[in-house]
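Heads up, the next two complexes both have chain A, just with different partners, chain B and then chain C.
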Partner chain A sequence: MSRMILVRIGSLMVVLLVLTLAVFMIKAVLPADPVRAAVGAQASEEIVQAKRHELGYDKPLPNQYVRFLGNVMHGDFGDSLRTRRPVLDDINRYAPATIELALCAALLAGFLGILLGLWSAHGGRGSGSARVTMLAFASAPTFFLGILLLLLFYGRLHWLPASGRLSNKHVDSGPTGFLIIDSLIHRNPGELVDALQHLAIPAVCLALGPAVAIGRVLRSSLLDVMRQDYVRTARAKGLSEWMVVLRHALRNASGPALSMAGLQVGLLLAGVVVVELVFAWPGLGLYTQQSIQQADFPAIIGITLVLGIAYVAINAIVDVMQLVADPRLRVVGRAVA
Partner chain B sequence: MPRRKTDHPRTRWLRLAALVAALALAVAACGGTSSGNASSGNNGGGNGGAASTTLRTAFVADMQVPDPDIFYETEGNQVVMSTYEGLVRYQQNPPTNALEGLLATSWEKSADGKTYTFHLRSNVKFEDGTPMDSAAAKASFERRPKVNQGPAYMLAQVASYGTPDPLTFVVNLKQPVSAFMDYLAAPYGPKLLSPTAMTKYAKGGDFTQGYLKTHSIGTGPYYIKSFTLGQQYVLAANPNYWGAKPKITTIEINIVPDLSTQQLKIEGGDLDILHNLPAATTNTFKTKSGFQVITIPALQKSVLKINPQKAPFNDLSLRQALRAAIDRNKLTSEIYGNLGTVSTQMLPAGMQPAGTGLDSYTYDPTLLPAAVKKLPSSSKSITIAYASGFVNDQRTAEAIQKVLADAGFNAKVTPITLAQFFALRDQPESKVPNLLVETANPDAAHPDTYLRIFFNTGGFLNYVKGGSKAADAEMDRGLYTNDPAVVKDAYEKASQLVHDSATFVTIADVKGTFVATTKLKGWTSTGAAPLSLNFQSATLG
Partner chain C sequence: MEIEPATIDSGGNGSGNVVASVRDLEVEFKTGKGIVRALRGVSLDIHAGEVVALVGESGSGKSVFGMSLLGLLQTSARPTIRGQVHVAGIDMLHGAGGVRRRVRQELLGAVFQDPLTSLNPTMRVGRQLLERGIDRERALRQLGEAGVPDPERRFRQYPHELSGGLRQRVMIAMALGGRGDIDQSRRRKKRHAPVVDLAGAEAAELPVTVAHDASDAPRLIVADEPTTALDVSVQAQVVLLFDRLRREHGCAVLLVTHDLGVAASIADRVVVLYGGRVCEVGPAASVLRDPAHPYTKALLAARLSVDGTTVRTDPMPGDPPNPLALPPGCAFAPRCSSATVECEVEPPELTPRAREHAGEVACLHPCSVGEADASTSRVAVTMTRVASPRPAGAGDALELVDVSKTYEVNGGGLGKAKLVAVDSVTLTVPARGSVALVGESGCGKTTTLRIATGLLQPDRGSVRWAPDGGRPQLIFQDCGSSLTPWMSIGMQVEERLRMLGVPKGQRQAKALDYLGRVGLDRRASESKPRELSGGQRQRAVIARALASDPKLLVCDEPVSALDASLAVRVLTLLESLRDDLGVALLVVTHDLAAARRIADEVAVMYLGAIVEQAPADVLFEHPSHPYTQGLIAASPTTEPGRLSPTLAGEAPSAIGERHGCAFAPRCPVATEVCVEETPEFKVRGAGLPVACHHA
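And now, the complex of A and B:
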């Protein structure tokens, strides 16, 4: 296990270096002028050059990269050209919203995926049409699905709010920035319900695609496992079908589904950008979109690093979960090592 | 999967599904309707029965910092114009380009045009209670070049300031600048800031920039109560405001990037006014019960920019043929309906006297196909760019694409970001698109503020480097003079020379447009500031 953690940390460093290098290369070739975008169209050339010098953008790119890496080592990602605050402060401000949304969506995707996998493998009444319906929703572009859900639950039924994280009647007073946790800390059920209402459509929108993917892999894996001898033995012992599936089949069938879940949660981070735009969710996706529009490279690099870390961490967690779910992998791992 | 008769898995599944559905419904039902505000209410018209004191609107993105010496874009004008005031402003009711006093009640200009003396309004206080006087004006004006950001150019010709008494403020210029008073009236012009707050909140020689990222220290009818990036800005009525107290005591500005979501929210009663909807969507609100479409004169012009630096449009006759193929009447009608008027002048309507600075040509669609036939096939593939997110410009570009295709061009329409737009001037010619469509506004109502930035060969937003050196010289002649006749003549000649270069085809004068609940009444224009209204005297219901 410790070897795996060391390997993961090593690979994380490599991934982050490659990511920062990639963004710097993009910065070099992209025909965009972040300085002009920051100071305004009619700013004099003198002002533009002064700002360029202040940011070090008049230096050769390798020098800029080395300076950037040095700053990052000291926890300094620079200031956003757009918000004029430290990028790290901005990320700290926006990240809880994204993490809360992504976590809820991931949990929902896992829950729905398992439900769909079990149901469709079971072949009960309506499982086919449920599969087709979810597939149809999952195939729809995220922005289209978002607008569709908004039209239904906000525009037509008036059940759920359209945007944001909280109604104006509630104010998040911290301390974590995660509204569900904060409302529980403050024992404020009204705020909790309000936060969940705001979370509902974006989370569903984000979760449907991964849920279908996880469900389909789980179904096929379950169908394979249910043909195994040990399952027949379990049935012969008189265990109920429910117990056979939960105690024997599900755990053994979960490996491919967990791999898929890791992949899907990574992709889910990409989907967050679109969902946050549609639902005005004040998270990293919104921050990213606004930063890209103005070529705010310090912010773009900061977000890239954070998302890179998140992606690698998620996959490491999935690896651990796979080891827990399937002890045989530990043996194989040791044998290979 | 085989099933045993003793199990009832289907029943279990149904129970589980019912439980999940019940939980979801409970969450949805607990909070009732979707209203995001205690004062919000019914659909199709915003706030419910009684008059509301809270106005709710939306921005598509965070504004720059609300510091009046840094802020230099359009989204966010509502915040700066509501919280700060300058010495003068453009007349608001009815909206014209004439100047009227704001924090100055009157002013005089010296005979040589180099000295301006402003008589300040008495009994004005900043939002923190500090009295407004000439020392405050001097400190505010002096801050701008120290901060040295985009709008600093407006005071670049200032030589010195004088404060002979608390209510007299003198500005001495190095040379006459015909646009100087317009700079002062511009939305990005110098505003007055509380000297007490400037001193109190300055940190490490930052000229209070850190504090002003989220706070205001002006004399406007509102102040910034809260400023939460990515979420919401709240403006509240300034208790120390010198004028009539606003009836709308709170303005909530929500960040809602998606225009469809904005539209749904105003239809759902969660917003009271919007300013970013595309013309086609805005026009649909004219017939919707409970809504009004507000239009105000705005210095916005939709322009096709033709790149003369590379083939095929490095040929004047081809540029003229392209211009002749653009049916402005049809384009304006299709894209804007009555939210725009067909352009007749090079500058936005109202910036030059009627009948001057004309952009006249005869529509003739036969010239372009004939000219294209003579072109080598390598010159027939061209690109039309527009700023991403600008739906009206996209539609204009697509309409022009059809004109070009009919003439034999293979034209591609491509969106680019604003940052890419700003970098075009530094790109090699091969990377600059052949054509660009842009709707933009100047900083103020003076002709120089449009001509110099968009049509001067060295203008920062003259991406295609169109126009001519002769026109540039006329602009300089018009700016650095104290003679109104020279000003009029110089800018008229500059406009004519730019027209003759056939590098810019003006299409439409675009009105400032808002969709609002019918309960909103009493607003006024904010002069040359796009995307904002003055709500000081407005009511809701």
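And now, the complex of A and C:
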């Protein structure tokens, strides 16, 4: 199994290499001149040439790519045109908020998806109408859903805050930037509750679509698995229906649901941009949106790479989870006899 | 424990040790097409230590009966159930779910047909055993008892790492997990099971003669076709195992099977089911030796046997009853030669048989004892054999010369290992000839078949087909799924003709002609595959293969999934096609009886190599290779109480280096030379080629 994981990691590296090449090509064909951007519009031609030479933009493209790759490996994405800080610093600053939101949303999506899958596969009371309702919510665009939830929980019920990560009375002073972890480190329950309240609506907005997708796939594969002979064996053994479902059916049905979860969590990364905008969430999405407005290409390229790495990593994790879930996948060659 | 004749009488004798009691059980399933009446008033008592064989063809309701004893009918669909099912006095139909579950856990064991799909593929064997609520020590002992070598190692493995035979043994070990006692089970959970007297029998090969505490094994094991998916040698081993478990633990066994041979070997009592009703029940000896119901008689007659006898005419014309539209009278009447008008009025009740025979029969015109009629008497058949040996040459339908195929597989640890699937096989199928390739699963017969049809390139050796016949046509084991579900049968045959360049105007007529040859009419031609019965689908597949006008039909296990009556008919059809159209046959099968019925010549394969080849009659009457001898001996017969002697062990893995005779580790006559030297496949003492030093 460890060999197969190594193979997976190897292929991950190849994907990343292709990604950097794609990003580099985009950068190369963009009309914006990074040298001009660096020295300013008023600079003389000599200064531009000198800077061009200094940054290596007078070399042929392959050389430039190698240099670019080297820089990326060292985490050097260049300086942001807008904030004038290294892009990596900016990303480091905004990433925790996004990771926290995305991770919570992904966990919520997985949890809701499993719940929905189990419930609807078992045909429990009301599962049909619940499926329709969930589907309706999931089909709504994320921003619309966000506004709807805001109107209800903030505007009418006053249960939850409308924007940001924390109320004014709490300040994030923590070492990690992850508010949930920081508040636990500070042993400050008030801060934790506040952070969770701010997290709730954006996370639900992000999670609903993936949850319904995961739930639907899980439902159909569970229905298939529940017809299998080994489920009959488990029942014949005298296991309770819950044991049969949780121990025998769920794991065998998890393969397609895991694949779907990987894809959905990848899409969720794109959804983050919109949700952060709606809820003024100070994360990478907001940063991206601002960078696009200012045509801040170093920042955009940096974020593209980081999100790409995250996407590839998530799918690699899903691959490994599938190997863990189904021991038969660990056999490489299959004997034909 | 010895079974008293009194306790194995037909049901309802009021004996005190009834384990399971079924009364007037009726089960109906609602389907999209109508109501399927799976069981129509079945009553049966099963006593402690008794092996009851429930025999019937597919669709007879026998599996539904097994599921009802397990109290699992409600989980599959939502059937309408009438009647009563009690296990140890507990209502398995209407009892509380939790109580029925406890009965399954403590009193019942279940073994199903396909051990690969019946074990959870993502859970280690050990954990699946422990789920019976037993401790590790007992689980290991049960594995040992079920004949699993090296239980400690198997305990940690996944089902896909085990061979088919081992998997079924694991299923049986799991079935043994009950406590046979429902009241104390809760308290016992943390304690060792009270089987200390058995603990010494780790090897489990010791014949345990001590009187048994009934509470260390399930009271009843429901075994649904437990040997159908297994090779003949493993089948014999599993049957022996059931017999031993019954004797040592006194647990009753309900053996659900379509094979009268398996039923004959260990059953005390046989129940024959047809169209959801019991048509005959009685002690195995009397039902099998002197069947009273015409259906039982026909079933016995239709059974393919390795002894070479067969019936002259089709003992059971027509198809099994359609469960959606059962006739009002006796369900067997439409196929019965002695049926009269009264038979079609109402289903006959079970009535006791003539005085000298125990048992009951549901027939208005039961066969009297010893009666024989033309349709069911068995005769030794000398089939039209092509003279052998024939001059080899251009006329052959298939010629394989020295073909070999090796696969690279993951060798457990790092690196690759070699799997020799086919090792220097030379085989000739003469024009209009019929050759059977027999052997256990994993012996390379399917690889050989794939090479023969051109689906697979051999690493070495040559494949030659008849020069004017084109590609040999392949008929698969599961014929139903090799038909395209959304195309009518006629269209599928016409498609073949189109590929052969038959002009459009002639295709339909030609297709009907081919379908007519296999006995399918215009209506069948317009049907979709799902609208046909299993037997019709099989014939449709054959017709489609014939459309390419092949010189060779290659059949992969053509009858192993079919009921006895259908199997005979398919083999007869293949035979007549050979005679009428001059198609040669290559039949690959693990079913020796089918091979004897269809083939002029039989080649026996073991671990990728042919070990013996001879004309069918010679091979079955005077087998030279110890492996052939073992296979033939292990085949079940319908002789009541005859336990087939088994070949020890299973075929070893084809992975790795070969040294000496591959069969030596299982061979009763192996000597030193067998281990050191690989025997050549050459003509020996009996004048026919065999790969054995001692032949």
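Quick notes
Here, the second predicted complex is superposed on the first by the 258 of 337 C-alpha atoms of A that agree within 3 Å, B and C clash if a C-alpha of one lies under 4 Å from a C-alpha of the other, contacts with A are read in each partner's own complex, and residues count from 1 in each chain.
We adopt the following convention: a contact is a pair of C-beta atoms (placed from the backbone, for glycine too) under 8 Å apart; a residue touches a chain by one contact, two chains touch by 3 or more.
Just so you know, these numbers come straight off a predicted model, no measurement behind them.
Counting the residues of chain A touched by each of chain B and chain C gives the higher count for B.
When the two structures are aligned on the shared chain, A:290 is found in touch with chain B, with no touch to chain C. Contact with chain C, but none with chain B, is seen for A:229 once the two complexes are overlaid on the shared chain. Once the two complexes are laid over each other on the shared chain, residue contacts for A:181 go to neither chain B nor chain C.
Of the two partner chains placed by the overlay, only chain C lies in contact with A:251; chain B stays clear of it.
Looking at the shared chain after the overlay, A:240 reaches both chain B and chain C. Look at A:326: by the touch rule set out above, it reaches chain C but stays clear of chain B. After overlaying the two complexes on the shared chain, residue contacts for A:3 are found with chain C alone; chain B is out of touch. When both complexes are overlaid on chain A, the residue A:39 reaches chain B alone and has no touch with chain C. When the two complexes are superposed on chain A, the residues of chain A that touch both chain B and chain C are 235, 240-241. Residue ranges on chain A touching chain C, taken from their complex, read 3, 228-230, 232-241, 243, 247-248, 251-252, 325-328, 331-337. Interface residues of chain C facing chain A in the complex, by the touch rule stated above, are 70, 72, 75, 97-98, 101-106, 108, 110, 112-114, 117-123, 131-133, 158, 160, 171, 174, 177, 222, 407-410, 414, 416, 419, 421, 441-444, 446-447, 654-655.
Listing the residues of chain B that touch chain A in their complex gives 1-4, 6-7, 9-10, 12-13, 16, 24, 27-31, 33-38, 61-62, 64-65, 70, 72-73, 148-153, 156, 209, 213, 228-232, 252, 254-258, 260-261, 264-265, 267-268, 270, 388-389, 417-420, 422-424, 426-427, 431, 443, 453, 460-461.
Looking at the complex, you find that chain A touches chain B at residues 30-34, 36-37, 39-44, 47, 50, 82-85, 90, 93-94, 115, 119, 121-125, 143, 147, 150-151, 153-155, 158-165, 167-169, 193-194, 196-197, 200, 222-223, 226, 235, 240-242, 245, 277-280, 282-283, 286-287, 289-290, 292-295.
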